[in-house]
Amino acid sequence: MEIPRHWRLQKQRLALVGEVCPHCQAKIFPARDVCPECGGEAKTAFKFSGKGEVYSFTTLHSVPAGFEENAPYTVALVKLDEGPIITAQLTDVGEREVKIGTPVEMVTRRIRQDGDERGMLIYGYKFRPVLRMS
Amino acid sequence: MNDRENLLLKPARAVGIVGYGVYIPQYRLPASEILRIWAGDEGGAPVKEKAVPGLDEDTITISIEAARNALARAGIDAQKLRAVWVGSESHPYVVKPSSTVVAEAIGASEHIQAADLEFACKAGTEAVVAAMALVGSKMGDYALAIGADTAQGKPGDALEFTAAAGGAAFVIGPAENALATIAASYSYVTDTPDFWRRQHQVYPEHGQRFTGEPAYFKHVTAAAQTMLSQLGTTAADYAFAVFHQPNTKFPQRVARELGFSKEQIETGLLSPVIGNTYAGASLVGLTAVLDIAKPGDRILVVSYGSGAGSDAFDMRVTDLIEERRNKAPLTQQYIERRIEIDYATYARYRGKIVMK
Amino acid sequence: MEKVYITGIGQVAVGEHWDQSLAALSSKAIRAALKDAGDPQPEIVYIGNFLASSISHQANLGALVCDAAGLHGLEGTTVEAGEASGAAALHMGYLAITSNMADCVVVVGLEKMTDMVGDEIEAFAAQSGDTDFEGMQGLTPNGMAGLLMQRYLDQYHAPCESFASFPITAHANGVNNPFAMYRKNVDLDSYGKAPMVSVPLSLYDVPTFADGAAALVLVNRKLLRDGQKAVLISASEIATDTLAVHDRADPLAFDAVHISTTKALEKAKLTRDCLDLFECWDTPSIYGMLSLEAGGFAERGRGWQFATLDNLALTGRLPVATLGGIKAHGFAPGAAGAYQVLDAVQQLRGEAGRNQIASAQVAMTQAISGAAASVITHILRKM
């Protein structure tokens, strides 16, 4: 069981909480100690909007242990509106065409279980094509 | 307890729905697919089709999206919530709360009440009553009540046509900030074993025709009639009524018997197209009503949970509805977001294929 | 600073060695290399390995390998840099000799993939990426390559078949290498028909995991004997980038390739056109392409115009994968960086047979781990 490593990242995975650099205002995801933009110390929590666009994507047919039940699935690099790029699965794509530049939004989904059906459930961010709003 | 003044639950401080949100998964299993597999294409079905969760969806993920939509409409910071309660009969864990995952995901404070509720299909409305009590007693200003399910139906069983997935979330708060005020609630509860699922069982058992008269109809009718008589209202006072909807016929019949017209219930009657979302059912129906209701409209909501009991609510829509309803996707938009699947895909998505 | 010479090479053909253990594979390669070097007495063994702890549940390879090779009591340690571990071990050997810590060092790249079967292999291979933020999203090394290839095709309007030059070249050169796993030509037609692995990446764009061991014997000037076929290591440079690709300002930039290549050329006091061959990280093919651009052999976004069959061929402007590369050799991750050097040494010694590059004097090898999170470049010169 790998409880601590997943628990430690819950705020990042469930609520897309990263950081904003107090020195240069760069938005950072995932959180880190040193701002990649200015090299200053980073520590101020920042909640991302979850809006972004597809920077790149690929569909995996051969998948690693722990993800077999969901194969095949699409993984994307998503460029968040606030700047950073993150790696995440796309979900609820259906027959919608995904392209580089497709607007997507964050949803929280079940990523996998830790080990077998006795293990903890790991939830986190995925992205889907933006829902049409009224 | 027949003193009519004592039967309604009326909060000391006036409360209401500050924000509401829904989530319905995009997959649909047509009833014809179940008939094809289990009935040789013969016979009728209680609904047209039902909503099926994707491989990465469960009661927690449904609750999170519904909650985010509710907060978007409420326009309040999740940190202002004093409680997160999730009612469901399909919590992903038997032991470990769904509510804490939801609270963390929406960015709620750590200084809150959080718990999972279970009362078959009325766990969600029970959460609403609890939220009314918390806000109405001024112990807190806002509370989040959710009803959501990914219901189980045994393959080939009558329940398989209807056991669906979906949920709704409500931010309950002070009436002055409400898009719909809730004047009172009333609950009617007896020990009636019409449907259950015991520990370690994958699928529920049900009493077939026993689920009708002594169960659904008795409780829904008692709750509705008591609510109306205690308030001194009649069916004609309501623009809309929403009843628990385990299928298409039950809510239609109970509405008719209580004096409600087809027009009063059709907006909130979603089971024909999404199935029975269990703890979500009457609440999801309510979201569809709020999506189109006008200020001043009065709404009666009556849930039903096997086991058994019904919660009834009297609500009135306020002017705030107009500015809030479009801050999140409408219920019909989720219903229109539809991908039809066949029985094989359904069997895979619902874990009905034996893997080991 | 002492100069470092490679005087011996030994390898096991990359393949599915079901009946061979980590110990057996490494001892065969080491003993062959020592014999090739004239049986000097090594003082240190550096083992480049990526996955033994995960796949074979075996750590402490220093003791395992020294014992198996009959090198009792020697200093032996594992060097790990993901798929570039073999090259990282060579770097350690290079440091040991340049610093005058040792006169003779054995380096072995070692990987045993077939001790286990199943989807766990993909999960373990993904350990060279960011486990928390890439692996946990279900991303694999092939998936990462697919992401970069998709972006490349879109950003530079490159045709898909521009990547075919890498596998076609590697396979053509592997035909004559008895140590290659695949000794069969591939043409553009079969490339186009290959099944997809991670769209737009197809079967010919990705490596095939297998077992392997490749060893090198390093000595200083003092131990170099007259007339010995020796190759000089002119530079050994490691550079790193962010572990996760999404943390990079430009995911297609492969900065670590640029840094490592530039520093190696400066150290060796050479320019790019001095190179007679480049054992690049030819697969996934997109990594070969991005290496050519980041290494300065082609302009950014123009790699696909440079990477023609003619340019990459044995007689071309920049021969790559001259004895089959990673694609035709088969991919023993922690050993691959050592195989690259072995191939280059054969070219510089004039022992590449029908694949011999005429009067080859200078070779560059470059191992990549993750999506170029660690990049290790070596420059070798004929003596």
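Which chain is which? They are A, B and C, in the order written, and residues in each are numbered from 1.
Basically, a residue touches a chain if its C-beta (ideal position, glycine included) is under 8 Å from a C-beta of that chain, and two chains touch if they have at least 3 such contacts.
All values derive from a computational prediction rather than experimental measurement.
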- Message: Based on mean C-alpha positions, which chain is nearest the centroid of every protein C-alpha shown?
- Response: A
- Which of A-B and A-C has more C-beta contact pairs: A-C
- Item | Averaged-CA centre spacing for the pair chain C and chain B, given as whole angstrom | 59
- Task: Averaged over CA atoms, how far is the centre of chain A from the centre of chain C? Could you give it in whole Å?
- Result: 32
- Note on the structure: chain A and chain B have mean C-alpha positions lying a whole-number Å distance apart equal to 30
- Taking each residue of chain A in turn, which ones touch at least two of the other chains? 70, 89, 111
- Residues of chain C that touch at least two other chains are none
- Message: Among all residues of chain B, which ones touch two or more of the remaining chains?
- Response: none
- Note on the structure: chain B contacts chain A in the complex at 26, 54-58, 60-61, 64-65, 92-93, 101, 104-107, 326, 328-330, 333, 337, 339, 355
- Query: So in the complex, which bits of chain A are touching chain B?
  - Reply: 10-11, 14-15, 17, 47, 69-70, 89, 91-92, 94-95, 107-111, 121, 123, 126, 131-134
- Note on the structure: Contacts from chain A onto chain C in the complex sit at residues 5, 9, 30, 36, 55-68, 70, 73, 75-77, 84-89, 100, 111-112, 122, 124
- chain A partner, complex, touching residues on chain C are 118-120, 122-123, 125-126, 130, 132-140, 142-143, 146-151, 154, 196-201, 242, 244-247, 251
